[in-house]
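Both complexes below contain chain A, partnered by chain B and then by chain C.
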Partner chain A sequence: MQVEVDESKCIAAGQCVLSAPEVFDQRDEDGIVVLLAERPGAELHDVVREAAGLCPAAAIRLAELVEG
Partner chain B sequence: MADTLADTANEAAAPLPEYPMPRQSGCPFDPPAAMRALPAERPISRARIWDGSTPWLVTGHAEQRILFADPRVSVDEHQPGFPHQSHAMAETLDHRPLTIFNADAPEHTRFRRMLTGPFTLKRVEALRPAIQKITDDRIDAMLAGPKPADLVTALALPVPTVMITELLGVPYKDHEFFQRHGVTAVDRDATPEQSRESSTALVTYLAEAIVAKMADPAEDVLSDLAARVKAGEVTVPDAALMAVVLLIAGHETSANMIALGTLALLQQPEQLALLRDTDDPKVVAAAVEELLRYLTIAHTGQRRIALEDIEVGGEVIRAGDGIILDLPSANRDAEAFPEPQQLDLTRSARHHHAFGFGIHQCVGQLLARVELQIVYGTLYRRIPTLQLATEIEQIEFKHDRLAYGVYELPVTW
Partner chain C sequence: MSRILVVGASAAGLAAVETLRREGYDGTVTLVGDESHAFYDRPPLSKQILASQWEPGKLALRPPADLDALGLDLRLGTAATRLDLAGRTVHLADGTELPYDGLIVATGVRPRRLPGEGAHVLRTLGDALVLRDRLRRGSRLAVVGAGFLGSEAAAVARGLGAEVVLVEPAPVPLAHAVGAEVGRVLTQAHLDHGVDLRTGVAVVEAGAGGVRLADGELIDADEVLVAVGSVPNTDWLQGSGLTVADGLVCDEFSAAAPGVYGAGDVARWHNPLFGVEMRIEHRTNAAEQGMAAARNLLRPEARKPFAPVPYFWSDQYDMKIQAYGYLRGHDEVTVVDGDLTAGRFVAAYRTGDHLAGALAVGMPPKVLMSWRRMVAARAAWSDAVPSTASVVA
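Moving on, here comes the complex of A and B:
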């Protein structure tokens, strides 16, 4: 799984950090999303999908990679 | 033309429902039955509002998500055809400046970023000890005082009010002034004059406070705003308006959730027991999400207007059509929440729309979550014998307010 975030869309609602603190953080001054892991491990895929689904601004994009 | 004739014929056959619809007596926590039926029957329909116009009424959870996230859906209340909340809101339109509520991107993004700093997860988590202390102090005071007590004034209102005044950096002793004008500013039955007077009083108070913080800054939101004024990023009136938004939104909403949630739990002791008997923060956090879903206190419909034609849920919303997104009905949509009329604190409810969705989703939602987790997680454990000191029929509900709730909640123990 490849994770991409769009800072210009992010509204700092914090839903992603609540769902997957291992993968997302917030910038101190304005709360904008900080991506901690572009390719999170398989054990985190469910929470990352939840984070993307809950993001109110659709600022998180996921691409499923073919593992090989 | 054919469409117009067909629509007219339909309207003649069945008059459009009025929005908002009254809740039934007897089930104060449920949206009106006709509203609850809509997500399954017609997730997008039409309704008639106070001025006789017939905006779209969106009740389906999935359809709401699509529209909330669509940049062609605007909050610009100056667009002709915008479905205003009330006569007072329509009347005062030209006196209302651009704020986080009525601005689209990119202005919205600029406003929003000025406000988000204090509401990050880290900053809000750091407030936990302070919120816990205020909660414990208020419960101590209630236990030491006379029985019955009013839970609204004893706990529900003071906890979020103390928090938001500390966060902003205004003295808590002025809270009666904030609450009185805050209520009038958002009361949909207030006259335009009353509403303007209260808004002016609050803006003036906060503008003076921001100017004072420019000379003598502290560690608080008003000082942050004062620094932005100094840097030329924002004017004093605009900064004061942002502070008013935070002040009003920051206490009235959480206060209603605390009191209304407690009443709902007292009616369902087996659910209340789940909170009373746990010290697992995950259980409490899930319970809070379900209470947010079940109660959905923002019950007067989020107002929008289509800037272009938008196809959704088998309908075409035309450019210039008004749109109302009714949050309580989407949160009772059985497609999104099985057995939606059940308050089930163990379900997974985080995809609820209690805070809205899209770029206007509540700025203070993480603070609200922590406040509710602490209050719900503390009150029933500390007072396991808490009970209603009156009949539920005697409770007066806030049908007339932007946020649903109760005016008073007499409790004993």
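Moving on, here comes the complex of A and C:
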């Protein structure tokens, strides 16, 4: 799984951090999303999909990679 | 279950259909939407779209390839007109009859209107594009309703150099939603930015050319925007046997009937976290409730109550407003950080003995997260708020 974020869309709601704190953080000053892991491990895929679904600005894009 | 029908092709409907597939459901998913465009985001309509900072393409909630991968039976540009609950069939305006095993109702809301012809409303992409074409430096816009939508539009119009008169029936705008003191802070921003704010005045007519007040005064304007709240799109459910009362009434699982769930702006459900029925017209709730409805529909034996901490944000002028919790009907507001007069603060809301929510203006968004956790934990007010904090309302 490849994670991409669009900072220009991010509205700093922090829903992604609530769902997947291992993968997303927020900048202290303005709350804009910070991507901690572009290719999170398989054990995190469910929470990352949850985060992408909950993002109120559709700022998280997931591309499923063919592993191997 | 081999046929699931989702009615409503916006954020809640999208969250529902994505969740169905993510949870492994591989039957037919039919999605009905009355607009010809599906799955675009609405919050930017009164912000970046109205300000011409974004073009409409940026509103797409998912790239086309991601939508294709969902394998939906898409029925766009046609509205649902009737539900036959016993026969498990939805009738569409184009004459189609769609049988289902499971149904998710996500038909949203439409703008409330006032008497008169030719005023703008702001709900769809089409609405926003028409209004933005009319907003020009020096033109005069009258906005009826100083809620979040009207306030955002007023702020954008001022930024574009338009003259703005903002008319609000309540004495203090947003007082019912965020309390009088915070409402006054937000409205002061309009005055600081040169908006002609008229509060405590009733509007009897809003049309092309201006707004007629209850006392007979006519406020002339080149364009008029009516932003006085919304009406749930439940007309098509009348006579179906489902309970409709300012929204589709659902239980704590977001269920309206066996195999029928509600999600998003249209759904009124019992939120067990706060112990009250609520209907939330905020973007985040649409996604959360769409997910919850889909999961509960697929797993009736393992249903979970839908008990979120609601969240909303609003951008007005240079202010970002964010709030967690359920602020309506609160008993007390206390500033727990910053200063109301400086326009940088966190306010905590008490309902009964509990912390009901918190709202921040001009603060780093992360500041609110600890408050969200306390709301989610149903923190006692006396534990959450030190007694030295200043009570403002």
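FYI, the second predicted complex is superposed on the first by the 68 of 68 C-alpha atoms of A that agree within 3 Å, B and C clash if a C-alpha of one lies under 4 Å from a C-alpha of the other, contacts with A are read in each partner's own complex, and residues count from 1 in each chain.
Keep in mind that, in the parts below, contacts are C-beta pairs under 8 Å (C-beta built on N, C-alpha and C of every residue); 3 or more make two chains touch, one makes a residue touch a chain.
The shown structure was predicted, so the numbers you read here are calculated from the model rather than taken from an experiment.
Contact with neither chain B nor chain C is seen for A:43 once the two complexes are overlaid on the shared chain. In the superposed model, A:54 lies in contact with both chain B and chain C.
By the document's definition of touching, both partners, chain B and chain C, reach A:14. Overlap of the chain B and chain C contact sets on chain A: residues 11-14, 17-18, 26, 28-31, 50, 53-54, 56-58. Here chain C touches chain A in the complex through residues 15, 18-19, 22, 41, 43, 58, 60-63, 66, 283-284, 287-288, 291, 311, 313, 315, 320, 322, 364-366, 368-369, 372, going by the rule given at the top.
For chain B in complex with chain A, the touching residues are 68-69, 109, 112-113, 116-117, 119-122, 350-351, 356-359, 361-363, 365-366.
The touching residues of chain A, when paired with chain B in their complex, are 8, 11-14, 17-19, 21, 26, 28-32, 50, 53-54, 56-58. Residues of chain A touching chain C in their complex: 9, 11-15, 17-18, 26, 28-31, 49-50, 53-58, 61.
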